[in-house]
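Quick heads-up: structures coming right below.
Both complexes shown next keep chain A, but they swap its partner, so chain B is in the first and chain C is in the second.
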Partner chain A sequence: MENKNVLEVKNLRKEYKEFTLDNVSFSVPAGYIMGIIGPNGAGKTTTIKLLMNLIKPEGGEINIFGLDPRKNEKEVKNRIGYVGEEQYFYQNKTVAWTGRFVSQFFKQWNNNKFNAFLEDFKLSRTKKVKELSRGMKVKLSFAIALSHQPELLILDEPTSGLDPVIRREILDLLLKTSREENKSVIISSHITDDLARIADIITFMINGKIRLTGEKDDLLANWKRIHYKKGALSKNITASLNNVQDQVFGSSGLTDHYLKIKDQLADGIGKEEIKVENLNLDDILISFVKG
Partner chain B sequence: MFIVVSHQNPEPMYKQVTDQIKDAIVSGALKPNDKLPSIRSISLELNISIITIKRAYTDLEKEGYIYTRSGLGSFVADLNREKMRSEKLEEFRRELKNIVLKAKKFNIPAEDILKIIHEIQEETNGK
Partner chain C sequence: MWPLIKKNSILFISYVLPFSVFLILYWFIESKANDPHFVMVIYFWMWILTIGFISSGEQQEAKNKGYEFLQTLPVTDAEIVASKFLLTLVMVVFIVCFDLVLLSFFKGTPLQLKTILFFVPVNGMASLLLAGLLFIGVFKFGFSRMHKVFWAVTFGAVAVMILTVELLLPKIRPGLPAIIDFLTHISWIFRLLAVGVVLYCYYLMMKLAIKVKIAAKE
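Then we have the complex of A and B:
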């Protein structure tokens, strides 16, 4: 796969009275899905607003499709599909009207595609926006975002507040779009399961800073919880663990480099004095917040 | 006692608990008449449902590994060591069967596996 970056962010900084986003750098290679994970108030939405040029940064660089989105806003936005947490539509207008209205802002609008999405999503053309459920409104947003054929999708908590069935539908659609059409996606969420399902790259954001960014499968292969009987682990390894807990039924701690220490644990695992447990992205996030 | 339960383990939770308590009893880590932790304290530490641990204790009691005195708690039974040994051997038989079947797939005779077992025994002597 091509390694060209669709998006590059360097040392981004945004100051608010009681919150500072600082030193935020990451990049998204073409065709990849990057998930941004963080607790509420970590700066996910601020980062996305900066990417969308909705707020002005105090410092840093943003580069999308090799362009500066502040200087080439129109061109860049034509090539981005955006879905936010809230859906802003004219409440009294119909689904069909909304599509027609939005289509005029985009050069590459594909009406056949839009109609196909409405059919797929079982969105009635004649229904008014105010009559749509929250899930249906999100689907309408996705139909619009994908019908102008963007190269990059920027999604801010698009699945929050949706039931698991609709969430899965949307995730499958995203995955399909990204894989079949080589589109890049940036998606923020605190529903880490969703990101675990579709993301290639995961970026953890805590308190306005990037705590860790890396390939998802690599992270999950290396981050493990190690349960051990007292004395079963060497001092070096014990010292390298995070979030160590000593309990009646044994101790446990997290490692972020399991593949490196795996061989040293083999004997203990054979004797059943050491047990290794997979972690999910939630566990990793929580360890960052606690640590 | 060293007990770990995991949601990712395909075995049901209650079985994970019973298997590990049995192992502790058979290996001698738990001695006859040792008091077992209370259901609530296990539930809290291992973060599993009280119903699950109750079921595990009931199963252990049925199989004769533990006994319960009302108001006092559960204790390790003084049970037949021979019976426990033969149960363990049965478990090893199952594990070895998998290894022998796997060896067969690659045309490795059982004698070679035996040789490896002896070698490993020598390597781990004194450990």
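Then we have the complex of A and C:
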């Protein structure tokens, strides 16, 4: 995979009356899938709306394909496939009309690809948009987003509210598209299972701030819950643990640098005084939310 | 911008043309078509059609969240606003031409004919400025807040029409020939200049509407 970043965000800031997106910075290398995880109201949708130039930022920089999307809106959007949380289409128009209408705006629209997606998704060309279920509307959004050869896909909670079958179908399509066509993807979700399945990079967002960003495998390798009997851990390690709880077995706490302390725990693990439990993205998110 | 104009032109075809056909039928059926009241109806019909055209278009956009949809596509706010202004201009020019053709069959006195020739384009220019103001209002406050203003302006136009016909016209009738004579003798250069000024104002309104739309992004 290339390492060149397709997207760079620096110190992005957006203020609302009761919410501030504060100093958000991250980057997405070409060909990577980045998942933004956070609870409702964390700022995921605001971040994505800012990337899409749907709202104005109060400060910070956004760079997509080396361009400022506010100054080069048409060029940047021509190279982006977007699927939002809500599917906005002209409700009284048919699927075919929607495809024809949208195709006129994109330089690299591939009609054969669009028709193939409609067939794969079993979307009737003659059906009106208002007659489609939410899942079918999401599929139409994906058909549009993928039919103009985008280099970057920006997806805002595309799978929320969908049944597991359609969710899996969409995630598989996304993974296939990203891997086979080397497309970069930013996907926000509060369904951590979805992101665990497809993302390379995970960014945790809480209360308008980025709490952590890193490669998913590194995160999962470093974030562990350590169960230990009293006196089994050194003071340094005990002090570095988060969310420490007293349990029947002894105590337990979270570490975010397991690989660094792994060797120091080996003895305790051997004596069965220390047990290490793998965490999933949900556990990490909850630990952030609970502080 | 062309796809946007094409999309909105469907509204033009489905809204303005049937009304125009309706007016022709009315003209043929109404035995008193030569009545000056009919001319007044045509004048105000232009205002109401302009308001109705913009209102219907914006209602559709609001109902479908059309602007939110368009903003996800490679299209700028300037193009979205300009397409609306351009189509409204085409509509007003169409109605002015249509009215002039329709009223050319009007068998009135020379004074009445002069009045028609003068006031139809004036009405067209007024409609255009009204359209510009309404668009700025829509982009500033959103259609949900502005639709009450649309109703108020529509009722206001009808009220003005009734008052003009029933109250004002009889009172100023003695002095009307002199007023009309003065107005219709205004030089063509000034008339063209007035058209130019109105078109320039409309252009400035469009630029303001673009700014307002961009600024209205949360």
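Keep this in mind: the second predicted complex is superposed on the first by the 290 of 291 C-alpha atoms of A that agree within 3 Å, B and C clash if a C-alpha of one lies under 4 Å from a C-alpha of the other, contacts with A are read in each partner's own complex, and residues count from 1 in each chain.
Everything that follows uses one rule, which is that a residue touches a chain if its C-beta (ideal position, glycine included) is under 8 Å from a C-beta of that chain, and two chains touch if they have at least 3 such contacts.
As the structure is a computational prediction, the values presented were derived from the model and not from experiment.
Between chain B and chain C, it is C that contacts the larger number of residues in chain A. In the superposition on chain A, A:Q104 contacts chain C only, with no contact to chain B. With both structures placed on the common chain, the touch criterion links A:F89 to chain C but leaves chain B unconnected.
In the overlay built on the shared chain, the residue A:N40 is in contact with neither chain B nor chain C. Shared-chain residue A:V248: touches chain B; no touch with chain C. Once chain A of one complex is fitted onto chain A of the other, the partner contacts of A:H227 are limited to chain B, with no touch recorded for chain C. Once the two complexes are overlaid on the shared chain, A:K56 sits against chain C while remaining clear of chain B. Of the two partner chains placed by the overlay, only chain C lies in contact with A:K74; chain B stays clear of it. Chain A has no residue lying at the interface with chain B in one structure and with chain C in the other.
Chain A contributes residues 227-229, 247-250, 252, 267, 272-273, 275, 277-278 to its touches with chain B in the complex. Contact residues on chain C toward chain A in their complex (touch as defined above): 2-3, 7, 60, 63-66, 68-69, 71-76, 214, 217-218.
Touching chain C in their complex are the following residues of chain A: 16, 52-56, 73-75, 77-78, 82, 84, 86, 88-92, 101-102, 104-107. For chain B in complex with chain A, the residues that touch the partner chain are 1-4, 6, 8, 23, 37, 41-42, 45-46, 127.
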